[in-house]
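The same chain A turns up in both complexes below, where it pairs with chain B and then with chain C.
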Partner chain A sequence: MSQPLSEIVDRADTLYNDIDLAQVRATKERTGHRAVGYMPIYVPREVVHAAAILPVGLMGAGDRIEVIRGDAYFQSYICQIPRSTIELALTGRLDCLDGCLFPSICDVIRNLSGMWQLLFPGKYTRYVDVPQNYERAVGGRYWEEELRHLARDMGELSGHAVRDDELRASIDVYNRNRRLLGELYRLRAEEPWRVPTWEAYLVVRAGNVLPVEEHSRMLEDYLAAARSADRPPRDQSRVVVVGSFCEQPPLGLLKTLERAGCFIVGDDLVLGARWIEGDVSLEGDPFRALSDAFLTRSVSTASRYEATAPKGQSLISTVRRTHAEGVVFCAPSFCDPALLEQPMLEQALDREGIPYTAFKYAENLGQFQVIREQAGTFADSIKLWSEP
Partner chain B sequence: MSEPARKEPSMEKQKDMIAGHFRRLAAAKESGKKVVYTFVPGNLTELLLAFDVLPVLPEINALQSGMRQLSGKYIAEAEKRGHSEDVCTYVKCDIGMLKSGNIGPTGEKLPEPDLLLLSYTGCFTFMKWFELLKQEYSCPVAMLHVPYQGDGTITREMRSYVVDQLRSEVIPKLEAVTGRRYDEAALQEKLALSARAEDDLVWVLQSAKHRPSPIDAYFGGVYYIGPMFSSFRGTGDGVEYYRMLRAEVQSRLDRGEGPVTPDGPMGKERYRLVVEGPPNWTSFREFWKMFHSEGAVVVASTYTKVGGVYDLGFRHDPARPLETLADYCLGCYTNLNLPTRVGLLERYVREYGADGFLIHSIKSCNSFSAGQLLILRELEKRTGLAGGFVESDLVDPRYFSPANVKNRLESYFQMIEQKRGAGAAEARA
Partner chain C sequence: MSPTIVTAGIDIGTSAVKAAVVRSGQGGGRERQDAVLASRVAERIRRRDPRQVIRQCYEAALAEAGVDSKEVAYVATTGEGELCEFRVGHFYGMTAHARGALFLDPEARAAVDVGALHGRAIRLDERSKVLGYQMTSQCASGTGQFLENIARYLGVTLEEIGPLSTKGDAPEKISGICAVLAETDVINLVSRGISVPNILRGIHESMAGRLVKLLRAIRAQGVVLLTGGLATDEGLLCAMRDEVKSSWKAGAIEVRTHADGVHAGAIGAALWGAYRHERLTTKSSQKEIGA
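What follows is the complex of A and B.
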């Protein structure tokens, strides 16, 4: 018998609120494995997994703790996620992590890696500098070497050296997870009334702390339950949400958008889990396969340099594919990648006649009335004035 | 109205050189010279000169606009066009300038680029900046991704990655734009000239170890000691300029004189400081005056190292032309991780006999600013000295609050004074 929808969502909600990482501690105790945290957006989790280490996604503390010590480390004009991450670490909530990976998203997360080195000298810390050159012989060669370096480090940390066949098996496990995430996103785009975004978000986000195999089972259960749930179709404006790939909006904000009359049919929330589009090859050298997948099938986002594709092409294609009627730019305050990208995306949408609205948030935002009014007006305007 | 700034001969010479550069830029289309836009950190000036192209450095244009009180309206123009108030004001100033006719600092129109050389070194915003410019110009972009020194070292793989990109991306695009073949001998010749100038530059910077310091290594450093180094490295003019500057500083040393400021020679040296972070450009002279009027001289700074940390020993090496360019890019200050930055600042405090250190935190420069409060704590712990902290912005006049900054600086100088008094009392007891 399939698991009831409410149970799955409740479990995901519990994990979302588990800022003490009790789930990670329990997994460590049960398996005897180590755990390594990673910041948004993309790290090659397959490599960490292959070393028998639990990769743990870190996405700040949202609105669930009061940041006190973290604020003492950052000026007022720096975004919220590094503050709450430092707060979590300084209050011992991340003690169960044996190391931390900081991917190249922006200068703040980059510098946070150095802060980690200074604050936690006993912990493994690595800045994961993904290539911005996509030639196999250039950026590919560099990235393969980086992947091998990371594998060596992970092997040393866990005492379990990464073998090619194990890495291939890990790739397989993550391929399955990505396929299920793809299914979830397709279902939401096709029948958004069946998959409210706040629910889907919780279920996707559970993958931050669950072992990937367990997360895939949760996704399967949720898909089955959502497909059979008795949820009548509703007529809301279909929108794509852009700009939330690093610091995540509070759950209340996602609920607010939906209550204001928007169906979110595309988004860039928890983007790292869906970074590679399609399967990573299980043939040949697995490091080469991971590198090739990164070079040729990475998702389009603001922190990635794209030499040839015109700006906004990917967003427009998402809008078309999901039959969205508008775009909501929803970026964290002081987020350089999202906010510098936004004018270019807006120009592209203007050229295509796609309506959009924009606002900013912080992960600990508590008041949504203004956003509700703005999103409601936007949703109404789409319904009232869009061509049929 | 403020009096005209006092200038040393070297200041006049660098002004002439820069004016000449902008004249050549203004005439570029007529003279058939190709123009390449690129950034100061990780700039490949010698390579560009080997292809006989003219570099344009948008950060320099932005700071010049700031000093000429034009940046405020340029930033407003960019914000009107949808650019967020939260992001880098260099970018917005540049976009605003472009949308206002692209008139350069000398009042002449800047030529459009034939190539955007995106030296992605130590600053994420650079990437977005040139993506924005790419929307405006129909010219190719050469991306040079310089990996960050996350572990505080340059590995063989990092160097190879940069060299590979020079060979496969940058040089072919320069060849295509200029119609010239890559000439390694020409590059080596420029690199040799750079190394000569670098020796003199380091000598000038290290002259600040003397008491009194004959230079101000922050305000003077960015005003006339360092900035031309990016555009004129690899030239005979650059070598001559630094030889002249060295002689000038030597004669000040011989006479026991302090730095020359825009308001004339500085008075008695009372406080020796190390400064981390970029300066404010919109109120540059006023900001500097807050220091020199109190007898505070900056003996070492980090912002003057964004174009290269030569005082740690790096020199461009003609014997390994592409590898040396890679090492240069990899070693720029903003490409150093936080522990290395703390180590460098600590070294400056000790080697230059500083009484304290000050962080000038810039609202729109996360590359510098994120982590500076931890840098402050670490330095206080390691040196036993109290640090100062002031905030403003690069070129957004809305974020320079003179009364607040002055107040903080005066309090900081008083604190140094009190600590001295306490130290002296302890010694007497």
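What follows is the complex of A and C.
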């Protein structure tokens, strides 16, 4: 018998609120495996998984703790996620992690990796510097070496050296997870009244702390339950949300957008889980397969260098593919990558005649009235004043 | 323009639910000049489950219009729309009140929506497109809930507020900024023996002062229609007219009311619902909701 929708969402909500990582501690106790945290956006979780280590996504603390000590480490013009991450660590909530990976998102996260090394000298810390050159002979070679280096490190940490066949098996497991995420996003774009974004977000985000196999089962259960749920179609404006790829918006903000009359049919929330578009090849050298996938099928986002594709092309293609009627720029305050890219994306939307609105948030934002007004008027302007 | 489209609008406020049923012909576009108000009902929430009140109010509006729920092409909400599980679409309060104001008074080029918790001025064009708006800040002073509280302290019914206020001949000044200070002012006035009509008149003048400032901020011109819960409060209307007369160029602004002004949000939502229904029933627009 399939699991009721409310049970799945409640479980995902519990995991979302589990800032003490009780789920991770339980998994470690049950399996005897180690756990390594990673910051947004992308790390090759397959490599971590192949070393029998649980990858744990760290996405700040939202509005669930008061940041006191974390504020001492950053200037006032720095975003919220590094503050709350430091606060979580200094209050012992991340003690169950045996290491931490810091992908190259921006200078702030790079600096955070340095602080981590100083604050937790006994823990494994690595800054994961992704290639800026997308030629296979240059960036590809570099990235493949980085992946091998990471695999060696993970093997040493867990005492379980990564074999090619095990890495291939891990790629297979993550391919399945990505396919299910793709299915969830497609269902939401086709029938958004069946998949409220706040629910989908909770279910996707559960993958931060659950073993990937368990997360895939949760996705399957949610998809089955959402498809059969008695939720009548509604008339809301279809929008794509952009800019939330690193520091995540509070859940209340996502609910506010939908209550204000928007259907979110595309977004860049928890983007690392969907970073590779399509399957990673299971043929040949698995490190090369991961590297090739990164070079050729990474998603387009502000913190990824793209030499050739014009800015905005991917966003416009998402708008077309999801039949969206507008774009909501929803970026964290002081997010350099998102806010520096935004004017270029706006220009691209202007050229295509796609309406948009913009606001900023912090992960601990608690008041949504102004955003509700803005989103409500934006949704109405699309529904009532756009050309039929 | 036939056959007829029947749509319903439900305005879910903080203290009351208003529902309206509208009939209009196919092909009416945004204007829907043939639209007829079939019924309108208001129900106060009074500590009940709002979902239950919404259902009762909707059913009462259908019964008054002689319409079966299956005939309703589109149920549109405004206000706290998420409380209405059977809605098809939702419109923001300003959008709905602007449309309702234009329907009730085709000459209206601004609306002042005074509800339980907020007051807002909306500038609109001849198609009811919102051109600008201003809201009161978070303080409840100058809104319906505040007035209702004061009426309770003074021992007068809501229906008595307007007529009593118009009898005030020496109104006392009340704080226009803070509801707490205003309530303290009222307590002081009562202990000083100021008459109820003069207290109420003072409150209405204070509210009018704030609302007229909002109208000035949106650069309102021409006919302004009062909408929302206090739309038919004659004391407020009187005070608004006096405030406009004393602070605005003669003839620039004319404040009006309408017997159905309380229902403007629900009526506007129903009218926009009819427009959306028409758009969605065209083949291309069906894709918009993925149908």
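Heads up, the rule we're going with is that the second predicted complex is superposed on the first by the 388 of 388 C-alpha atoms of A that agree within 3 Å, B and C clash if a C-alpha of one lies under 4 Å from a C-alpha of the other, contacts with A are read in each partner's own complex, and residues count from 1 in each chain.
FYI, a residue touches a chain if its C-beta (ideal position, glycine included) is under 8 Å from a C-beta of that chain, and two chains touch if they have at least 3 such contacts.
A quick note: this is a predicted structure, and the numbers were derived from the prediction, not measured.
Novice: Which term applies to chain B and chain C once both are placed on chain A by superposition, clash or fit?
Specialist: Once both complexes are aligned on chain A, chain B and chain C fit side by side.
Novice: Check whether chain B or chain C contacts more residues of chain A in the superposed model.
Specialist: Per-residue touch count on chain A favours B.
Novice: Just checking: does A:238 make contact with chain B only, chain C only, both, or neither of them? Give me first, second, both or neither.
Specialist: second
Novice: After the fit on chain A, how big is the angle at chain A between chain B and chain C, using C-alpha centres and going to the nearest 10 degrees?
Specialist: One gets 100 degrees for this angle.
Novice: With both complexes superposed on chain A, which partner does A:383 reach: first (chain B), second (chain C), both or neither?
Specialist: Second partner only.
Novice: Scan A:261 for contacts with chain B and chain C and give back first, second, both or neither.
Specialist: Touch partner of A:261: chain C, not chain B.
Novice: Taking the superposition on A as described, I'd like to know which of chain B and chain C A:114 touches: first, second, both or neither.
Specialist: In the superposition, A:114 touches chain B alone.
Novice: For A:325, is the partner it touches chain B (first), chain C (second), both, or none of the two (neither)?
Specialist: A:325 sits against chain C, while chain B stays out of touch.
Novice: Please work out how little space separates the C-alpha atoms of chain B and chain C at their nearest point after superposition, in whole Å.
Specialist: Between chain B and chain C, the minimum C-alpha distance equals 21 Å.
Novice: Chain C touches which residues of chain A in the complex?
Specialist: Checking each residue of chain A against chain C gives 189-193, 232-236, 238, 259-261, 323, 325, 373, 376-377, 379-380, 383-385, 388.
Novice: In the complex of these two chains, what residues of chain A are touching chain B?
Specialist: Result: residues 72-75, 77-78, 82, 102, 104-108, 110-115, 117-119, 126-127, 129, 131-133, 135, 137-139, 141-142, 145-146, 149, 302-303, 305, 307, 311, 333-337, 339-344, 346-347, 360 of chain A touch chain B.
Novice: Residue numbers of chain C touching chain A in their complex, please.
Specialist: Against chain A, the touching part of chain C is residues 30, 74, 81-82, 86-95, 129-130, 272, 275-276, 279-280, 282, 284-285, 287-291.
Novice: Going by the contact rule set out above, which residues of chain B touch chain A in the complex?
Specialist: The contact residues of chain B facing chain A are 81-84, 86-88, 91, 118, 120, 123-125, 127-129, 131-132, 135, 141, 143, 145, 147-148, 150-151, 157-158, 160-161, 164-165, 168-169, 337-339, 341-342, 361, 363-364, 366-367, 369-374, 378, 391.
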